[in-house]
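The following blocks contain the structures, represented as C-alpha cells.
Shared between the two complexes below is chain A, which pairs with chain B and chain C, respectively.
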Partner chain A sequence: MTDRQESALLLLPGLLLLAGAFLVPILQMLALSVAGPDGGWTLDHFRRFLGDGFYLAVLARTVRLSLVITAICLAVGFPMAYIMARARPRPRVWLIVLVILPLMTSVVVRTFGWMVLLSRSGLVSGLLRDFGLAPRNFALMYTETAIVIGMVQVLLPFMALSILGVILRIDPRIEEAARTMGCSFLRALAAVVLPLSLPGIVAGSLLVFTLSASSFVTPNLLGGPRVQVLAASVWRAVTQTLDWPFAAAQAVILFAGVLAILVPYIRIAGRGHG
Partner chain B sequence: MRNTVLLSVSAAAALAAAAASAQTITINSFGGRYEEAHRKCVIAPFEAATGAKVQIVTAYSADAFAQLRAQAAAPQFDVIHFSGGQEILGAKEGLLAPIDAASLANAADLVEVARPNLAGGQGPAYSIVALGLVYNSQAIPAPPTAWADLARPEYAGNLVLTDMSNTYGLQGFLMLNQVLGGDMTNIQPGLDAVKTMLDGGAVVVSTSPEIMQEFAQNEAWVAPYSSDYAFTLREAGLPVVFARGAEGTPAVFITANLVANRPNAELALKFIDREISPEAQVCFAGEMRYAPTNLKAELTGAVAEDTPYGAEALGSLLRFDPTVIEANRAAWVEAWNRTIAR
Partner chain C sequence: MVRAVPPALRVAAVVFVALTAVFLVGPLVVVVGVSLSESQFIAFPPAGLSLRWYDRVLSSEAFLAAGWLSLRLALLVTLSATLVGGAAAIAIHRRRLPGGEVLGALFLSPLVLPTIIYAIGMLMLWSALFGPVSLAALWIGHTVIAAPYVVRTTLAVLADSDPFAEEAARTMGAGRLRRLWLVVLPQCLPGLGAGAFFAFNLSFDEAVLSLFLRRPGLTTLPVQIYGQLEFSPDPSVAAVSSLMIAVTVGLIVVIDRIVGVQKVAST
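On to the complex of A and B.
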C-alpha cells in the first residue's frame, strides 16, 4: 500500500461522514428551498422573505444579537485567556476547569436557571426594581438582553479557550522585550499580545458568531415567542405552519448570511496576520 | 460455507429483530403529569395485559406531526396522539391508516363527535378538554366571568396569554376573537385585542409549565387555558380556580391515531382500544379531569363535579371546525407572529 493509498484510507471515514451527515442534508435543504408547488422550481420563498419587513427584521435581529454576543464574549474572553495563559500551571488548571465547568451541564438546564433569575420576581429583575432602577412590572425575561446574557454564558468558553491556545504559544520574552523598551503593561498588551493572538481571536469569534446565529434553544426560551430569531422562525415554519420549502429558504438565507459575514472577516483577519 | 453461515446468522438476527419489534409499539405522549396519567391509566395496564412493551416519545401535537411527516417514508410511531386536529391533515396526506370500527371493541360506546371519520384515518377522541378562564382567586381583585372580561384593562399587567403554537392557545384565541365580533374568516378583532393586552403588559408563553411559573412566581392573575391544567395548578398548591366563560366553553379533542405502514397495526389497535375503554377514561378523568368520550364511563364525587360528561354535557361544548383551522393555520400563525413580535 502506498502512502497515498494509506492517507486515502484514513480520510475515508471522515469523508463519508461529512458527505452523509452534512453534504446530503445541505443539498436536500437547497433543493427544498426552491421547490415549487407543482414539482417545478421557484424563487418565491426567497422573494417572500426578502420582500417582507417582518422577516427582514427577524434576520436583522439575529445578526445584531450575534454580533453583540461575539463582542461581549471577546471583551470578557480575551483578558480571561490572557490571565489564564500567564498564570502558573496549577492555578491555570483550576481556571480552565472553571471555564469548562458550565459546559458540563446541559444548555437547557442552564437556560432554565436564567429563566428563574431573570423572571419578574427573580433575583436580577427584583434587585433592579428594589433599587428603583426599573418600573414595577419590569422583567428581564422575554427581552433581547435576556438572550444576550444567556448566550454569553453558554458561548464564553469557546472564545476563552480558542484565545488561550494561541496566547500560550506566544513567547513571554517578546512581551518582556516590549516592556523593557518602555511599553506600559496595557500598551504591550495592545501592541504585542493582541496582534499575535489574532488567529485565536478569529477562530473564537467565528465559533461564537456561527453558534449564536444558529442557536435555537436559548433564544427561544429566554426571548419567548415575542422576540424571534431566525432559527426559531425556521422551527415555526417546520412545526406550525408546516411550510417546509419556506423553512428551507429561511435556513438557506441564514446560511448565506453567516457566510457573507464570515468570509470577509476571515480574509481581513488573515491579511492582517500574514 | 462461510457465506452460508454468515447468511443464516444475519437471517436469524433479522428474525429476532422482527420478533422484538412485534412486541414493541412506539407512541407519543405530552410529558409531565399528562404522561404520568397516560402511563398509569393506559400504558401500564396495556403492557400487563399483552406482554408488549410501549416506547414513549415526548412530543406535543405540532412537533409530533412534524416528525410523522418527516418520517413519511419510514414511520417510527405506531400510535400518535394529537390535541390540535392534526389527524385531519394526517389522514388526508395518507400518514394515518383507516380504522375499521369493528376492530375496536369500545368504538360503539363512543359519543358520536368522538369518532367523526374512523374509516378515513382520523382516530377516535379519547379525552375532551374544556377551555375557560383560569385565575388566581386570592390575587385577582374581581374574578372574570366571561371571555370578554379578558380585555379588561386592569387585568392586562397580570394576564398570561398562550402562543398559537399551543393547541389551547389557538383555541382560546379563537374564542376571544369570536366574542369580540370576529369569526373563522376574520381573526382581526382578536388580534387587535391581543395587541392592546400586550401593550398593557400581558405576557405570552408557549408551554404549560411556563403558565405554572407565571402563576407561582410572577403574579399572574388570569389566563385563558384548560380545565385540566387548572386542576394541575391546584394540585400544586396554587389558589387557582377554573371558570367557564359565559359565552360558551370551547373543547379540545385528544385523539389516538393509527400510523400507516407500520408492521404491528394489530397491537397498535389494541392500544387505541384500551385508550377508549371506560376504565382508562375514568382513570384519566380522576387524574387529569379530562372528559371521557366513552358513554359507559361513570364518574363520581369531586371528579363528576369538575368534569363535563355524558352525551348532553359534551353536546353543549363548542368545537371550532378542525378542517377550517387546518386550512387557515399557516396564515393565522403568521398573522399572530406579526402581532406579538416586538
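On to the complex of A and C.
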C-alpha cells in the first residue's frame, strides 16, 4: 500500500458520508423546489413566493433583522474581543468561559430564559414600565425587538470569538509603536487594531448574518406566529401545511439570498483591507 | 508608559464587560432560578425555594424517554463523528492527496451551510428513500454536522505536532498500522478528545435537525423542551433546562482539562 492509498482509505468514510448524507440531500432539496405536480419541472413555487406580498414582507423582515443583529453583534463583539485579547491570562480564561458557556448551551434553553425575562410579567418588561419608558400592559414578547435581543445573545459569542482569534495574532508591539509615535489609545485602536482585525470582523459578520437569517427556533418562540421570518416560514411549510416543494423553494431562496448579500460584502471588505 | 490605557476607559471597559456578562449569562441564571421556584407559575425571581420540579421531571415519562433518546443519540454521534472526522483530519493533514485544499474546505462546509437547509434536504431524501424518519436518520444527520468539529480540533492539534515522529518510526521499521496506532493516534489524542466532547455537546443540544427529523416517539430533549415552550411551559421545563446547562458546564470543564479553553476559543 502506498502513502497515497493509505490517506485515501482514511478519507473514504468521511467522503462517503459527505457525498451520500450531505450533498445528495441538498441536491434532493434543489430538485424538489422545481418539482411539478405531474413529475415535470416548474418554477411555480418560486413564482408563488415572489408574487405574494406576505412572503415578500417576510423576506424583507428577515434581511432587516439579520442586518440589525449583525451590526449589534459587531458593535458589542469587537470591544469584547479586544478586552479579552489584552486581558491578563487569568481574567482572560474567565472571559472566554463567559462567552463559551452560553455558546455551548442549547438554543432552546437560552430562548426559554428570554421568554421569562421579556414576558408581560417578566423582569425586563417590568423594569421598562417602572421607569416610565413603556406604557402599562407593555410586553416585549412577540415583537421584532424580542427577536433581536434573543438572537444577539445567541450569536454574540460567534462574533467575539471570530474577532478574538485575529486580534490574538496581532503583534502588540505594532500598537505600542503607534503609541510611541504619539497616537492616543483610541486613535491607535482605530488606526492599527481595527484595520488589522478586519479579517476576523468579516468572518464573524458573515457567520452571524448567515446564522441569523437561517434560524427559526429563537424567532419562532420570541416573535410568535405573527412576526414571521423566512426560516420560520420554511418550518411551517414543512410541518403545518405539508407543502414540501414550496418549503424547498423557500429554502432555496433563503440560501440564494444569503449568498447574494454575502458575496458583495466580502468584496467590499476585501477592498477596504487591501 | 506608552501601553497605559486611560483610567476612564479602564472603568468603562469593566462596566462594559459586566453588562455583557449579565446579558450573556442572565438568561441561563433565570432558567435555573425558575426551576427552583415553589410556585407552579413561571416567575423570576422565584417565589419560594423547592426542588419539587426536579422531582416532577424525574417522574415524567415524556422527559425520561426524551432524555434517554438524547443520551443514546449523543453517544452514537460522538463515536461516529470522532472516527470519521479524526481519520479524515489525519489524511487532510498529510496533504498527500490531490486537491487537498478543496478537500479541507469540503469537510468543513457543513459548518458554513445553514443547518435548516441541510435539515430540510435530509428530511426529504430520507422520506423518499426509507419512509418515516428513525434514530438512524438522526444519527447520520448529527454525524454530518458534528464531524467537522472533530476535523477542526484534530487539525489544530496536528498542526503543532512533530512532523518527523512518524518518519522516525518508519526508519525504525514500524509498519503502517503500528505507526498509526503508536505515533499518529497519540499525537491526535487531545484534538480527538476535545472534538469528541464537542460532538457530544452538539448532538445533545441540537434542535434544528432534531425538529425536522422528529415523529411521535422520536423526540430528543431539546425538541421536547421546544414543544412545551410553544404550548404550556411550567417550571419543570426549567428544571430539565437546568440539567442541560449542568451537562454543558461539565463538558466545558472536561474540554478545558484536555486542551485548555483558550486553545478552543482561538481555533
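Just so it is clear, the second predicted complex is superposed on the first by the 254 of 274 C-alpha atoms of A that agree within 3 Å, B and C clash if a C-alpha of one lies under 4 Å from a C-alpha of the other, contacts with A are read in each partner's own complex, and residues count from 1 in each chain.
Just so it is clear, contacts are C-beta pairs under 8 Å (C-beta built on N, C-alpha and C of every residue); 3 or more make two chains touch, one makes a residue touch a chain.
Since the model is a prediction, treat every value here as computed from it, not as a measurement.
With chain A as the common reference, chain B cannot sit beside chain C without a clash. In the superposition on chain A, A:156 makes contact with chain C only, not with chain B. Once the two complexes are overlaid on the shared chain, A:121 sits against chain B and chain C alike. With both structures placed on the common chain, the touch criterion links A:238 to chain B and to chain C.
Once chain A of one complex is fitted onto chain A of the other, the partner contacts of A:228 are limited to chain B, with no touch recorded for chain C. Of the two partners, chain B and chain C, it is C that touches more residues of chain A.
Of the two partner chains, chain C is the only one touched by A:26; chain B is not.
Chain C runs into chain B after superposition on chain A, and of the options 204-212, 222-230 or 294-302 the stretch responsible is 204-212. Residues 115-116, 121-122, 238 of chain A contact both chain B in one complex and chain C in the other. Put simply, chain C touches chain A in their complex at residues 2-6, 9, 13, 16-17, 20-21, 23-31, 34, 42-44, 83-85, 87-88, 90-92, 94, 96-97, 103, 106-107, 109-110, 112-118, 120-125, 128, 140-141, 143-144, 147, 151, 176, 201, 204-208, 211-212, 222, 225-226, 229-230, 233, 237-238, 241, 244-245, 248-249, 251-252, 256, 261-262, 264-267.
Those residues of chain A that touch chain B in the complex are listed here as 54, 57-58, 115-116, 119-122, 137, 139, 142, 224-228, 236, 238-243.
Chain A makes touch with chain C in their complex at residues 1, 3-4, 6-8, 10-11, 13-15, 17-18, 21-22, 24-29, 32, 76, 79-80, 83, 92-93, 95-102, 104-117, 121-123, 153, 156-157, 161, 164-165, 168, 176, 179-180, 185-186, 210-211, 213-217, 220-221, 231, 234-235, 238, 244, 247-248, 251, 254-255, 258. Within the complex formed with chain A, the residues of chain B that make contact are 62-63, 65-66, 69, 89, 157, 163-165, 198, 201, 203-206, 213, 217-219, 329-330, 333-334, 337-338, 340-342.
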